[in-house]
Amino acid sequence: MAGSPRRTAGRRLQLPLLCLLLQGATAILFAVFVRYNHETDAALWHWHNHSNADNEFYFRYPSFQDVHTMIFVGFGFLMVFLQRYGFSSVGFTFLSAAFALQWSTLVQGFFHSFHHGHIYVGVESMINADFCAGAVLISFGAILGKTGPAQLLLMALLEVVLFGLNEFVLLSLLRVKDAGGSMTIHAFGAYFGLVLSRVLYRPQLEKSKHRQGSVYHSDLFAMIGTIFLWIFWPSFNSAPTALGDGQHRSALNTYYSLTASTLSTFALSALVGRDGRLDMVHIQNAALAGGVVVGTSAEMMLTPFGALVAGFLAGTVSTLGYKFFTPTLESKLKVQDTCGVHNLHGMPGVLGALLGVLVAGLATHEAYGDGLESVFPLLAKGQRSATSQAMHQLFGLFVTLIFASVGGSLGGLLLRLPFLDSPPDSQCYEDQVYWEVPGEHEDLAQGPLRAEELETRA
Amino acid sequence: MAGSPRRTAGRRLQLPLLCLLLQGATAILFAVFVRYNHETDAALWHWHNHSNADNEFYFRYPSFQDVHTMIFVGFGFLMVFLQRYGFSSVGFTFLSAAFALQWSTLVQGFFHSFHHGHIYVGVESMINADFCAGAVLISFGAILGKTGPAQLLLMALLEVVLFGLNEFVLLSLLRVKDAGGSMTIHAFGAYFGLVLSRVLYRPQLEKSKHRQGSVYHSDLFAMIGTIFLWIFWPSFNSAPTALGDGQHRSALNTYYSLTASTLSTFALSALVGRDGRLDMVHIQNAALAGGVVVGTSAEMMLTPFGALVAGFLAGTVSTLGYKFFTPTLESKLKVQDTCGVHNLHGMPGVLGALLGVLVAGLATHEAYGDGLESVFPLLAKGQRSATSQAMHQLFGLFVTLIFASVGGSLGGLLLRLPFLDSPPDSQCYEDQVYWEVPGEHEDLAQGPLRAEELETRA
Amino acid sequence: MAGSPRRTAGRRLQLPLLCLLLQGATAILFAVFVRYNHETDAALWHWHNHSNADNEFYFRYPSFQDVHTMIFVGFGFLMVFLQRYGFSSVGFTFLSAAFALQWSTLVQGFFHSFHHGHIYVGVESMINADFCAGAVLISFGAILGKTGPAQLLLMALLEVVLFGLNEFVLLSLLRVKDAGGSMTIHAFGAYFGLVLSRVLYRPQLEKSKHRQGSVYHSDLFAMIGTIFLWIFWPSFNSAPTALGDGQHRSALNTYYSLTASTLSTFALSALVGRDGRLDMVHIQNAALAGGVVVGTSAEMMLTPFGALVAGFLAGTVSTLGYKFFTPTLESKLKVQDTCGVHNLHGMPGVLGALLGVLVAGLATHEAYGDGLESVFPLLAKGQRSATSQAMHQLFGLFVTLIFASVGGSLGGLLLRLPFLDSPPDSQCYEDQVYWEVPGEHEDLAQGPLRAEELETRA
C-alpha cells in the first residue's frame, strides 16, 4: 500500500496501454484473417446473381439488432442498480463488450468459419460475437464493483477463448443443440464468474456495504435494463436457429416462458417479502429467468404449455435463490455474487440444460415431421436415437461446467496478479475510483426563478 | 379498518395466491387448447415444403417487437412520472401485461383461431395479445396509484374477456376495419378505465395530493416512455394489416400524423401555459394522440395530407383536454383520471373512429384499385356499399362504448369487493405500500473522495 | 430590456404562432404535392400483381425504425447531460425533429422524387427525412441551451432547405457516394451549427457556467442516448444503401468501426484524464465517432480491418478534440460548442469524407466484381475512373463545407433577429425559461412510512 508516485503512474497507465495493445493485436489479426463472406462481399454476392431477398441479412438482422440492444442496453442498465456504480456498470459493460465483439469474432471464427486460411464474417458472426459478449457480461455481474476495467479486459481476453472452445466442443463435436445458450452462455458465464469471484474473495468487503444497495432512481434505471432484456429475449433465443418455423417457434416459446416467470416471480417475491412487499431485486432479475430456462429447448417442440411450466419453475427457483441462497453462498461458500448471477443465469441455465435433455429425449419423427432435419439432423439421418441425443445434451452440460470452473479459476488467478489495479475493499462499488464524477445538483429544489431573473427575460 | 393480524396476513397473501391461481388456470387451458400453428409447428411447416422466406415471421416479427417495446417500455415508463410511484408504474405494468398476454392468447384464440378444438398460435396471436394488453394498460392509466396489484390482475381478468368479445363483434360480426384499434383498443380501454374509476371514486383523495405530481427526474423517465411510444406507433398501426402496401401505408400515415400532433401539442401547450411555458404533461401525452387518431384509418387511403390534419386535430383536442377538461371531469363527473387517458385515448380514439367512418365512406374502386380487396373485402365483392361500411364503422364505435361502459361498471364493482387489498386514501400514489423502497442516497453530494481514502488506492 | 407587458405577450406567442404557421404551410404543400408512391398506394401496388414480399417495406422498414430510434431517443437523450436542461434537450429535439420530418419530406421530395408535379413518398422518403432531421439535431447540439424553441424551428426551416440542396448537388450532380452521410449529415450539420454558434457568440456566457455541467443521474440519462446511437448506427449507415450485400456490408463495417472507437476512446480518456480517470463526456460522445467516420465508406469494400483502423482513429481524434480543442475553440475562435459537435461530427465527418476519397480511389473491378454496378455505377459503366470518383468525392466535401458555412452564417443572422425570444446570458441551460418545472422531491429520503400510516392499511 505504499502510495509511491511511480506505482500510481503505472496503474494509471494500465487501462490505456491494455486497450491499445488489445486493439493493436486484434487489428493485426483482422488484417491477416478476417474477410467478408459471400453475403457481404460485393464480388462474391454478385457472382451467381442472387436475389437480394435471399441475403441472410433480411432473415437475421432484425434479430441481431434486438440481441445487440440486450447486450449493451439490457445488461448495461440492469447493473446500474448500485447507487454509486452507474457510470462503471454501463461504461465497463460498453468497454468489455466492445472488446469481446472483436476478439470473439476471431476466436469463434477460427472454430466455426475458418476456410482456406481466412475467417469469413457476416450477420451470423455478428450474432455469435454478441452472444459471447453476453457470457462475459454475465461473469461481470458476479464481480461487479470489485474489479477495475483493466482486470475486466483481461477476464474477457481469457473467457472469450474458453467460451469459444466450450461452444466448439458442444456444438461441433458433441452435436448438442443449444440455440439460446442455456449451457454455452448462461451456465458457462455464471459459473465462470462465480468461481472467479470465489478466487477473488474479499473477507473485508463489508467496508463497502453502504454502497452495495440501490437508491430509488438507480432502481428505475435498472428496470430499463430488465424490460429491454425481457422484451427482446424472444429474439435472442431465435436469432441463430434454423430459418422459418425454427425461428418462429423459438420466439413464441420464449415469449410464453417469460410471461410465466414474471407471474411466478411476483408471486414468490410477495410471498417471502416482509409484510407481503415486493422486492425490486427479484423483479429486476428473476422475471427474466424464463428466457434463460428455454435457451436450449425453445427451438424444439416444447409446446406452449411446456414453455409456461418451464418459465414458472425458473422464476420460482430464481426468486427463492435470491432470497435464501445468495446469503448462504457468501457466508458458507465465500462466493460474493454482486448481481446474483447464480440465481438468474446459473440455476436457470442448468435447469434449461436439463429441460433440453428431456425435450430432446422425447423427440419423435411424428412430432417434428420433415422438420426433424433442421432441429436434430443426426436423428433425422438415423445416426442417433433420441435417447442418445439426450445423453449428449447432458454430457454437454457437464463439459460446460468443467470449462467454466477451470476457466473461472484461471481467470481468478490472472486477476489476482498483484500489479493489477484493483479497488481496495473500502472503495468497492464506487465510481469515483475510475471516473470523474460530477458534484450533485445543488439547487434543483430552489423553486421558481426569482422574479428579477425572469424580468430580464422580457 | 380493524388492523387485526389475521386480515393483514390475508391481504398479504392476496397477490401471491392470485398470481399462482391465474397461472395455474392458464397453464391448464394452454395444455388443453393451445397448439403451434402451421408456421410454428415443425411438422406442419415442412409438410408442403414451404420456402422459409414465406413464413409470416419475417413479415410481422419486426413489427411485433416494436409493439412489444411499446407495451412494456412505452406504457411502463410513461406512467413513471409520479414522484413516488415509479416502482409500481413500471412493475405493475409488467405484471398485468404479462398476465394479459397469456389470458388474451386464450380468449382471442377462442374467438379468432379456434379450429377442431384447438387454438393455433404464432406471431399474429402474439401481436393480438399485445394489443389486448395495451387496452388493459390504458385502463390502468385511469386508476394509476389507487389500486393494488391484486385488483389490477382481477381487472385484467375481466377486461381481457370483454376486449375479446367486443373485438369479435366488431371485426368478425360487423366486419368493421380497425387495424390500429382506435375503437377496440383506445376508446375501449379508456372508457372501461374511466367508468371503473368513477365507480371507485375517492372523495378524500386529496389526502394524497402531495404525491400526485412529478419531480424533475421522474418526468425525464416518463419521456423515455413517450418517445418509445411515439417512434414505434407506426409499427403498432401497421402490425396487423394486410401485407405489402397495407403495412407500408399504415406506417407512413401514422408517421405523418404523429409529427402533426407533436407540433400542435407544443403550440397549444405554450398557448395555454402560464407565461407561455410548456407543460410536460401535455408533451408526454398529447403528442402521442396522432397515433391514436389514425388507428382505424391508417391502413385506408387517408392521404398524407389527411394524416397531417388528423394528427393536428388530435394533438389540439388532447392538449385542451388536459388543460380544461380533466379538472371538470373530476369536479363535475367524479372521475379521477390519473394519467388523463380520456385526453390521450378517449377523445382521440372516438375521433379516430369517426375519421374511419368518413374515410371508409369515401372509399371508391378508383382510389383503391385491386387493393380494395385487402382493405374493404365486402366492398370489393359488392356485398356492401361504402356508405354501408361507414355506417357499420359508426355502429362499431357505439358497440365499443357500450361494452366499455358496462365492462368498466362491472370491473368497478369487482374491485370494490371489501376484502381486496386497496390502498387507503392517504397512501395512494405511494410505492412503499407494495414495495421495499430503498433509502434515498445519503451522500451523493459529498464531493470527491477524501484524500486519505484515495491514498489507499495507490 | 424594457420588460413591457406587450413585448412579453408577443414573445409568449412566438412559439405557438410559429408552430401553427409552419404546420399550416406544410399541410397545404402536402395537399398539393405529396402522394403515395407505387409501394404505398393501394391501386398502384396492386396494378401489376406484385408479390408482397417484394415491397420495399420489408427490406428497409426495420432499418428505418432503428434510425428513428436514434433520432428521437439517441439524440434526445444524449443531450440530457446538462443538469437543468433535460426537458428542453429531449423536448426541443422532439419538436424540431418532428417539424424537420415534414419539411424535409417536401424539400427532399422536390429534389429527388418529383415527377409529374407530385412528390411520391414511402419508406425511403421516411429514412431520408430522418437523416435530414439528424443534421438539424447535430446543429442543435452546438447551440444547445442558448436558443429558444422558436429560434430552433427557424433554424430547421433554413437548414432543411440547405441540407436538401447540398445533398442534391452531391448525390445527383456530382454523383458522390455518401450513404451514411459523413459529409451530407455529419460534416454539414456540425459546421452549420458551429458557424451559427459563432454568429451567436455570447461573451457573457459564463453567467450560466454553473448550469453547464452534468449531475450524476443526468449523465446516466445521457448514456441511454449514447448506447442507443451506438447499437443502431449499423442500421443508420446501411439504411439507404443498395439492397443485399450493400446493406449487409455497411452494417458489418459500422459494427466493427464502433467497437474500435470505443476502445480508443476509453484508452485516450484515461490517458489524458486526471489520475487516469475516465471522463463521461468522452465516453458519451467520442465512442460514437466510429459510426460517423465510416458514413461514406461503410458500403464500399473497406474491409473489416479498414473499419477497425478508421474507428480507432476517429475515437482518438474525437477524444483529443474534447480534451484539447474545445477549450481553444471557445477562447480563440469564439465558437461555443455546447455538445462538442466539432469533435463528434465535425472532425470525424471530414475524416470520413477523406476515407471515402481513399477507398473510392482504390476501387477496382476485381474487388467489387459485378457488385461494382451498385456501389459505383459510373465506374461500372466506364464513365468515370476510380481516381475521378475520388476527386468528385473530395469536391463533395468542399461543397459541403461551403454550404454549411454559408448556411450557418445565414442561420445566425436569422436567429439574431431582435424580436426573437432568446434566453438572456444568465438564463442559458435552464429549463424554467420555457417549461413548467416541478419542485424537487421533498421527502423521498423520509425513510419508511410512519407506523401509524401503515396501520391504516391493515
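So that you can tell them apart, the chains are marked A, B and C in the order they are listed, and the count of residues begins at 1 in each.
The rule is simple: a residue touches a chain if its C-beta (ideal position, glycine included) is under 8 Å from a C-beta of that chain, and two chains touch if they have at least 3 such contacts.
Listed by chain with UniProt protein names: A, B, C = Ammonium transporter Rh type B.
None of these values were measured; they are calculated from a predicted model.
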Task: Chain-level touch network, classified as line, ring, star, complete or other - done: complete
Task: Rigid-body rotation angle, chain C and chain B, from Cα fit (steps of 5°) - done: 120
Task: Distance from the mean Cα position of chain B to that of chain A, given in whole angstrom - done: 31
- [ ] Send over the residues of chain A in touch with two or more other chains.
- [x] 8, 11, 53, 58, 62, 216-217, 224, 437, 439-442, 444
TODO: Enumerate the contact residues on chain A facing chain C in the complex.
DONE: 8, 11-17, 19-20, 22-23, 26-27, 30-31, 34-36, 39-47, 49-50, 52-53, 55-58, 61-62, 65, 68-69, 72-73, 76-77, 80, 86-87, 90-91, 94-95, 98-99, 101-102, 121-123, 126, 149, 216-217, 221, 224, 434-442, 444-445, 447-449, 453, 455-458
TODO: Would you mind writing out the residues of chain C in touch with chain A in their complex?
DONE: 1-4, 7-8, 11, 53-54, 58-59, 62, 66, 83-84, 210, 213-217, 219-220, 223-224, 227-228, 230-232, 234-235, 243-249, 251-252, 255-256, 258-260, 262-264, 266-268, 270-271, 273-280, 283, 287, 301, 303-305, 308-309, 312, 366-375, 423-424, 426-427, 430, 432-433, 437, 439-442, 444
